[in-house]
Amino acid sequence: MSDHPLVPGPSSAIERGPWHYGADYVSVYFQGDVRPLAKLVPKAFNVDEGLCMAYVCEIISVGDAGEAMVASRPDRTIYQEAALGVKCRFGDRQGIFYPVMWVTTEWSLLRGILNGYQKRLADRISMTKLHPLNPGLRPAGPGMEFGGFCVKGPETTLKVAVKILKAGSPKDLPSFGTTFGMRRFPKTDQTQGEVDELVEILKSNSKVSDVWVGTGSLSTTLDVGKIDVLSGAVYRSGFTISGSKVLN
Amino acid sequence: MSDHPLVPGPSSAIERGPWHYGADYVSVYFQGDVRPLAKLVPKAFNVDEGLCMAYVCEIISVGDAGEAMVASRPDRTIYQEAALGVKCRFGDRQGIFYPVMWVTTEWSLLRGILNGYQKRLADRISMTKLHPLNPGLRPAGPGMEFGGFCVKGPETTLKVAVKILKAGSPKDLPSFGTTFGMRRFPKTDQTQGEVDELVEILKSNSKVSDVWVGTGSLSTTLDVGKIDVLSGAVYRSGFTISGSKVLN
Amino acid sequence: MSDHPLVPGPSSAIERGPWHYGADYVSVYFQGDVRPLAKLVPKAFNVDEGLCMAYVCEIISVGDAGEAMVASRPDRTIYQEAALGVKCRFGDRQGIFYPVMWVTTEWSLLRGILNGYQKRLADRISMTKLHPLNPGLRPAGPGMEFGGFCVKGPETTLKVAVKILKAGSPKDLPSFGTTFGMRRFPKTDQTQGEVDELVEILKSNSKVSDVWVGTGSLSTTLDVGKIDVLSGAVYRSGFTISGSKVLN
Amino acid sequence: MSDHPLVPGPSSAIERGPWHYGADYVSVYFQGDVRPLAKLVPKAFNVDEGLCMAYVCEIISVGDAGEAMVASRPDRTIYQEAALGVKCRFGDRQGIFYPVMWVTTEWSLLRGILNGYQKRLADRISMTKLHPLNPGLRPAGPGMEFGGFCVKGPETTLKVAVKILKAGSPKDLPSFGTTFGMRRFPKTDQTQGEVDELVEILKSNSKVSDVWVGTGSLSTTLDVGKIDVLSGAVYRSGFTISGSKVLN
């Protein structure tokens, strides 16, 4: 039969993995309030500090051996993403859980849900892009501002802004540990099976480059309590995701 | 925590069910070739005759007790759908399986996948609408043509056209029996759980009205073999879906 | 050559007129402040009272003799519109001028600009729709709420809500007189020609039906001063526009 | 009053110029048939050779002194464009006329129409993008393929593909001379004014970089006769447009 939308394959919404990503980020790091943040993550995760990040990014992504799709089906290789992540702990393991991750394409929505991300479809995500040959634009550098927003229905669910102070390096970006997730596929009837499990995303090949650090600001429809922005950053990153592993 | 996108609830992509539907259809009934059609349905379903239907529709849908959303969040109550269904048999039970059902919103995509429909997100679905006060349009009637199409990426995945010959009644519409589906949520790692089950959609409260019957035509990117159109129809329909039940 | 996008013809963005419309409206009538309202209309128009209306609607529209397009190219016959109009006076002629009218398609954008409407392209307009066969919905009637919103970029530029109190008739809808507009096509160089003229839209065949009246509320990004809502209404309307005539 | 959509200004659809552009192109150069090509350009332009180009590109654009908008309103600075241009002659001046240029935003649509481009709104334009940190992608180089497509309604109006053979330089790209255009704003009533003039786009600050040349292919809904592809190219380009000047 045709591939089921959630079962990776040629006629599915999801390419066969592992999946490779190259992304340009505008990120803001902030402190929220522990109590509302604790309500945004599964109970098994402890929110100790209230450290969070929010970002908007554009991603070029291909399945393993799917390089040709950047030419034959570019619409299956480009998407925008906006997300807010909360630092938390599972036992003695530190990580980040994203209560919501908005994306602009079906395939990133379903692939993410399959792997354990709480993805939602955005109506629109837009973010700063520069171009080295545009006579009216300077390259990234001190004083330059970057921004992005995510719209869903009548709401701007996330908006971030970063003002660059100086060039940085990958180690200037706060570390959150592993990426936590949750895979759910609930019953709608007692005869059905279900999946309900906490996972750790299997990420490798991480690289970061073109880091600029500065100040930031953000607004969101999620309740994160009082927002105390720590810093902002603009950078590029690449990585591979091969799936996710059940936490225990 | 925030509701998981697939777990019905106030902050989920999916409203709590049962879900109620009111739809306007442009449908074409046709005979395809049994062999390619058999490849479009799960193996457990037998394609005996090759009878199929294809349609484009606009749907107004609300969750139970969610009537207020038509005013507060109309974007969560309106979508377009295009689909092609194949008559098949599970044991001695007759039904219809939809290899692909394209929809225009996140919530109809995820709600459908949860219930067992092989839903995919369309870029655009457009179909004939009339308006009784438009001075340039006649009401539906003999000779009037209706059409619709579904676009995804660079492809028009489905296109239907109907020319009305005469007024009809609900019993003029071919009957397919129950609606079959498949719920899948596969593993991406051996530690994970999974769901893989054939289901029957739990549909009730069915009503049909404003039936017009005539000739039809269609084209699709699905391989259904040689297409022999039997008839076309335009009608309105309403129903309730409470979930789905595992077939056995 | 191919038709220019602004010159009505078969390969243009604009069909040959006259153009026929059938629309479903959710409208709110309100009093704004004369001073900010005066800044929203051309100087030649006097804002005496501050009476305004704001609406969201879905329109089915065809060019004269273009009835077949509802089937062959339905995407060229359906759009959503959201607008805010200000009652004003040109000499002794009463009318309404719409400082902005957001629409969801290219052809309604360009056709409107050609005729003298200050049209802009919305990212999304969504509004209440009911369906008589949806088992979870009641028909329009007292107590029922209708709503709609318009999104452009990161902003919800207009949002309206109406709560029905009772059935009404066309004469329950406030009258604004003629529809004023402005046709502009400015120079970007001294060698170029230009158009700059105030117009009156040539509207005929007006019909109104299915009127329900009640209370309303609205919010907008336009500066209309303090909003004092007078009433809300839900209704259907049909009319023909043949172009526009220069005011003098 | 609010700025008219076509009159450059802060609340208009069009920023004040000059306008600066930085773009990434996938282009195909081909020979079409002179006779059908002559029907795609205004009569005053002579099609002598049948040389054409077709491209898909992503553009970052800002108005003069509008650099801040890349952060505050990125949706007003990024768009995709797809176009087909025909080499032609006005008197003894060589140039290129674009019978249709599809774009993805309102502001590029209206700005282009104001300056003399025959712009139309696309539903979607998608094209190859690479990312240096994506572990599954190689950088541009020999053997690499690029592609793009433009969808409008039920049609893929333009599709291009390029296979890189080798690194190139700006002088490897065929030269077409000046860019011709046509400004039209027709009457819909005898009382109205109108504009109808052939123009030359005022372009400066042109730069080209990152050129790769190779083979190409294309398909389009425009009638260009038999297509004989000459070459394909991938490159970046930057330029400034200050308006247009009437040809005489």
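The letters A, B, C and D name the chains in turn, as written, and every chain counts its residues from 1.
Just so we're on the same page, a residue touches a chain if its C-beta (ideal position, glycine included) is under 8 Å from a C-beta of that chain, and two chains touch if they have at least 3 such contacts.
As the structure is a prediction and not an experimental result, all values here were calculated from the model.
For the pair chain B and chain C, chains touching both partners: A, D.
Looking at chain A and chain D, the chains that touch each of them are B, C. Over half of the residue numbers at the interface between copies chain C and chain D are found on both sides, making the touching surfaces mostly the same.
Per-chain CA centroids place chain C at a distance of 32 Å from chain D.
Computed centre separation for the pair chain B/chain D is 39 angstrom, with centres defined by C-alpha atoms.
Across the assembly, chain B contributes residues 75, 124, 126, 149, 153-154 that each touch 2 or more other chains. Partner chain D is touched in their complex by these residues of chain B: 123-124, 126, 149, 151, 153-156, 159.
Put simply, chain D touches chain C in their complex at residues 1-2, 4-8, 13, 17, 39-43, 73, 75-76, 99-100, 106, 109-110, 113-115, 118-121, 153-154, 182-186, 188-189, 191-197, 199, 202, 222, 242-246.
Residues of chain B touching chain C in their complex: 19-24, 59-64, 66-68, 70-72, 74-75, 77-78, 124, 126-138, 144-149, 161, 205, 207-209, 236-240.
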